[in-house]
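Structure in structure tokens, see below.
For clarity, chains are labelled A, B, C, D, E and F in written order, and residue numbers in each chain start from 1.
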Amino acid sequence: MGDILALAGSNLVSPMVLSFALGFAAALARSDLSFPEAAAKALSLYLLFAIGFKGGASVADHGLDATLVLAIAAGAALSAVIPLIAFALLQAISGLDRVNAAAVAAHYGSISIVTFVAATSALTTAGEGFEGYLVAVAAVMETPAILVALWLARAGRAGAAEPAGGTEPGLWREIALNGSIVLLTGAFLIGLATGPSGLAEISSFIIDPFKGVLCLFLLDMGLVAGRGMRTGARHLAAPVIGFGLCMPLIGAALGLAAGTAIGLSTGGIALMATLAASASYIAVPAAMRVALPEANPSIYLTLSLGVTFPFNLTVGIPLYSAAAALVSGG
Amino acid sequence: MGDILALAGSNLVSPMVLSFALGFAAALARSDLSFPEAAAKALSLYLLFAIGFKGGASVADHGLDATLVLAIAAGAALSAVIPLIAFALLQAISGLDRVNAAAVAAHYGSISIVTFVAATSALTTAGEGFEGYLVAVAAVMETPAILVALWLARAGRAGAAEPAGGTEPGLWREIALNGSIVLLTGAFLIGLATGPSGLAEISSFIIDPFKGVLCLFLLDMGLVAGRGMRTGARHLAAPVIGFGLCMPLIGAALGLAAGTAIGLSTGGIALMATLAASASYIAVPAAMRVALPEANPSIYLTLSLGVTFPFNLTVGIPLYSAAAALVSGG
Amino acid sequence: MGDILALAGSNLVSPMVLSFALGFAAALARSDLSFPEAAAKALSLYLLFAIGFKGGASVADHGLDATLVLAIAAGAALSAVIPLIAFALLQAISGLDRVNAAAVAAHYGSISIVTFVAATSALTTAGEGFEGYLVAVAAVMETPAILVALWLARAGRAGAAEPAGGTEPGLWREIALNGSIVLLTGAFLIGLATGPSGLAEISSFIIDPFKGVLCLFLLDMGLVAGRGMRTGARHLAAPVIGFGLCMPLIGAALGLAAGTAIGLSTGGIALMATLAASASYIAVPAAMRVALPEANPSIYLTLSLGVTFPFNLTVGIPLYSAAAALVSGG
Amino acid sequence: MELHPKKRLEVIVEAPALARILRFLDERGVKGYTILPAIAGSGASGRIWSREGQVGDAGRMVAIVAIMDEARLEQLFDDLYGIVSRQIGIVSISDCMVVRKDAF
Amino acid sequence: MELHPKKRLEVIVEAPALARILRFLDERGVKGYTILPAIAGSGASGRIWSREGQVGDAGRMVAIVAIMDEARLEQLFDDLYGIVSRQIGIVSISDCMVVRKDAF
Amino acid sequence: MELHPKKRLEVIVEAPALARILRFLDERGVKGYTILPAIAGSGASGRIWSREGQVGDAGRMVAIVAIMDEARLEQLFDDLYGIVSRQIGIVSISDCMVVRKDAF
């Protein structure tokens, strides 16, 4: 329990969280501090490559077991179920219409890889291990939520003809082959193929500077999230904000249960909870702009990036880790 | 004294100075070697974050003393006084009109963080320590010079109505919250809050590759400075160039005196002298384009970046270090 | 021989080659994975700076000998002779007209620095040393091929008046001072001047993360090459593709012979063969667009980047290394 | 040199819709277009977006410029507007002159 | 589809002046504009600038494109020109057609 | 404010040809122009290029915008077209209005 509080405390004053806070504060204060788009994207490519590679190398090292298959199935199931819960909750408490509720729900079923990365980083600092294949689970969880949410949005238009472009032929391929998934999965496979010796070759690139790069990236995320809150907050009614704070807890509870049921390690359970709790802010928004252009991005992006991401980063991750330690008796 | 010459010599053949020289030469030879704007900006964000963080962590380690307050006061005073001297000198020796003289003066009162970074790097190589809070002093010195210079420029228009947009409401907030200051100060505070353990977490990002990144950045600065000299040199009359070589020495002398008076370490005195000697090339030019658009950027940018920056980098830094060693008997 | 096969095998499952394969596959599958142009250019600047600097520092460490001059002369000769062979071969087997054949020939006489870098990296992994000055040889080999190819293209227009802009005055300076050559040569000279102590100062920037950066860069090259193949493959008739696979072998044989004749080390011979086998995809295409705009970039770029580069990276480098070991009895 | 009148179509639209619009232009036989990046903007909806620091495509805008014959433009304009009007963006048309006479 | 004539205002101006100009456009009720990056240029003053490798804003230029009603443009043009003429840059106006009829 | 009619020349051309074209404009006394980046395009030849991830200049395009007097444009247009037509790209001309009266 002392460990748990220590983890929570050390998380809040970690360079990672403080970097995010700096960016958030700078944006709210309207500082012109900003990252070039190309630099932000390069940092995210680095993080995806590094986290994928490390996951694959770790699997190559420790071997695969049946849990991997269970974990992937559990991830896919969570990604499909969470939007249903989120949608029902939004219909009940928020005034959002069907399309906007479905779009928001898609974000919470999918995942935020940066939240995942921050959680792995906090676990590593705390000396807690985890299953390397959770990276693959993360990749699997990106998509199902989108399908479920589109079905929810269209169920309402029962009998109505599909709008022009509604059954966009290229859309599914675009979603399945989106850059993040391909890079994450590909790097995982490379790590798997080259194993610990491959990791040793490039570890001074993908391990040593990893946390520092993450700090810079979180600084930028803070800037973007803060700017989003400044311009988008007025689109978020109180119940919607409440949703953005509660839904991660519901997702985390499901993730905890699933992780425990399939027998993950303490760190693995914490990560499963984090994935379930996190909300997408890259892949799903882009998919929504194509598949549900009527939905308002000021709502879903601001909620995911301005409310849920900071919540998970500061309060959520230590909480989910603590809960994982409790349930696994660790 | 042998040490001093050795420092000067090693400074001139350091990878840092030679990288700058390479960029400068390539630009003069009209090579198409160039850095993408986004890459240059990303490098500068890295340097600001790293230098700020290290400063804060060093203060967390060694504790604060009263000298910090004195150093900040001295920095602010130098930043306010140097433009007055610079302006008087320019009025006396150059043919520049009041507005251009004031704009140039603002640059010399303010500071160049890259010159500061290069000096810390040279000191570290020489095994010379310094006060971590000088990073905060650097941040404080950015702005006062701008206020004084604007006052100088407008004093001349006595009785004249303010030009449209002259009392730009947003300008002061923009200057105070400009990205460099916010990042430098914020990273300093993060380093202060997380201390040596935070530094340990990310040191393989912000310490190990630091000098190498600085080399690449100086290479780009050489390209930009060289290009500036090629296209802008004809805007610089001989007395103006003379000013660009003498003014750093005057500033350095004031910085040496101030640093000695308030009891800084040898390395600290050298850095105070370097700050006072250096001329801004990011924050002040941008502020001048808004506040004094009549002033000619070909004069102030070329002088600061093409004359004073190279002078400080090659001759100035070892000279100020040597002088600091002399005055502090070190 | 066991060593040779091991090298070949380890080359194919190295993170470097697999990263390239990932990018290539992602592009063929039309994933939207992509690197910002600025990030790709920044990575290439890093690689050029690092490889140049390390070469120079290595020469400073081991001293120069007469072989350097011989190697530079051999490089220049190879760069001038290979286009003649390539041109004759293309005229014989491909249906390409004179101008397109000359443009393609220029690419094969010149070199690909990334292929060179990948070869040095594979040698280092295999514990095989090589002469640091081969970096300078690489720089020298960039240009002669262009001159020879332009002469070939114009020889056909005997008696015809030069087209407008044909004798572009700035062109030769542009080619000689192109960014890659200047950076590579300049970094080499800086490494030479600062030697092992300079290298020690920045080695955690230019040595430790080098392979990892190379992986990311090769991932991007895979994306670009795959995209090129997808859109450009229909411009490549079978004999032209055959040329793209045979010509590297011819070049490598010449490079092997030259390297052996002038007495390079085993690693040095392998690199000389790699340089001769590699085809330019940055400097020469840009020069061709200015000097021979009638030539079709879909042919030369696709062939160099989509056929020859992958061939060299996967099959070529281990083959040339093995051959070098054989001829030098190593 | 003889100049021929053409129409210059300019579509400023959010990046996620780009693939769909290009597919549409390709299907309708528009052979020439160029895509320019935008860095920030403000729309009728009052929202100000900025490209700085963003990683994803959702908040980005691009400008598509396509010079073509008036006749071709007239054929495709209504359908194009139908696509763009569902997205965040604006379509405008202006006159210009080019040298090439061939229909495009 | 019915098209309506509008004016296309294009301001190419140094980046440090951007905030001021956008504030002006916002104050005057201009709801729509897009900002495009520029990479290099040459001015009446003969100076050639380039964005490459630069870190600061001082030497950068941007292009602001705003499509609006002629009436609104006439109201704000003189004041806008008053601001831009003090900075490094150029203002131009051309005709274009858009679908949306609503005043903007 | 009084407005003066000018011509707006827009050249979309591959990056390696840029230096040559700027040299030409400078020689012909064109003092003002701005260069904008392009990120992707498709040409009469059907080739689609994209700037993403590319390191070299060969596959890149840029847009050059130059506002000038009709008279000056007429003098230089044929020679300019002679250069651009050998490269990958397109030249177009449209009308615009500016404030500055001085010839440019």
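Just so it is clear, a residue touches a chain if its C-beta (ideal position, glycine included) is under 8 Å from a C-beta of that chain, and two chains touch if they have at least 3 such contacts.
What you see is a predicted model; the values in this text were computed from it and never measured.
Asks: On the document's contact criterion, could you list the chains that touch subunit A and likewise touch subunit F?
Replies: C, D
Asks: If you apply the touch rule, which chains end up adjacent to both subunit C and subunit F?
Replies: Chains that touch both subunit C and subunit F, as defined above, do not exist here.
Asks: Which chain's C-alpha centroid is most distant from that of subunit C?
Replies: E
Asks: Going by C-alpha centroids, which chain is farthest from subunit F? Tell me that one.
Replies: Farthest by centroid: A.
Asks: Counting shared numbers against all numbers at the contact of subunit A and subunit B, is it over half, same, or under half, different?
Replies: Different residues, largely: of all residue numbers at this interface, under half are found in both copies.
Asks: Need the CA-centroid distance for the pair subunit A / subunit C, whole Å please.
Replies: A distance of 41 Å separates the two centres.
Asks: Provide the C-alpha centroid distance between subunit B and subunit E, rounded to the nearest whole angstrom.
Replies: Taking the mean C-alpha position of each chain, the two centres sit 33 Å apart.
Asks: Counting only Cα atoms for the centres, state how far subunit B is from subunit D in Å.
Replies: Here the centre of subunit D sits 45 Å away from the centre of subunit B.
Asks: Residues of subunit C that contact two or more other chains, please.
Replies: Within subunit C, the residues that touch at least two other chains are 34-39, 41-42, 174, 204, 208-209.
Asks: Of all the residues in subunit D, which ones touch at least 2 other chains?
Replies: 36-37, 94-95
Asks: Considering every pair of chains, which are in touch?
Replies: Touching chain pairs, listed by label, are A-B, A-C, A-D, B-C, B-E, C-F, D-E, D-F, E-F.
Asks: For the complex, which residues does subunit C have touching subunit A?
Replies: 13-15, 18-19, 22, 25-26, 29-39, 42, 125, 204, 208-213, 215-216, 219
Asks: Spell out the residues on subunit A that touch subunit D in their complex, using ranges where they run on.
Replies: 34-37, 40-41, 44, 163-165, 168, 170, 174, 220, 223-224, 227, 231-232, 281-283, 285-290, 293-294, 297-298, 301
Asks: Can you list the residues on subunit D that touch subunit A in the complex?
Replies: So the residues of subunit D in touch with subunit A come to 14-17, 19-20, 23, 47-48, 50-60, 82-83, 86-88.
Asks: So in the complex, which bits of subunit E are touching subunit F?
Replies: So the residues of subunit E touching subunit F come out as 10, 12, 36-44, 46, 61, 63, 77-78, 81, 85, 90-95.
Asks: Under the stated contact criterion, what part of subunit E meets subunit D in this complex?
Replies: Counting only subunit E, the residues touching subunit D are 1, 3, 6, 8, 22, 26, 31-37, 62, 65, 67, 94-100, 102, 104.
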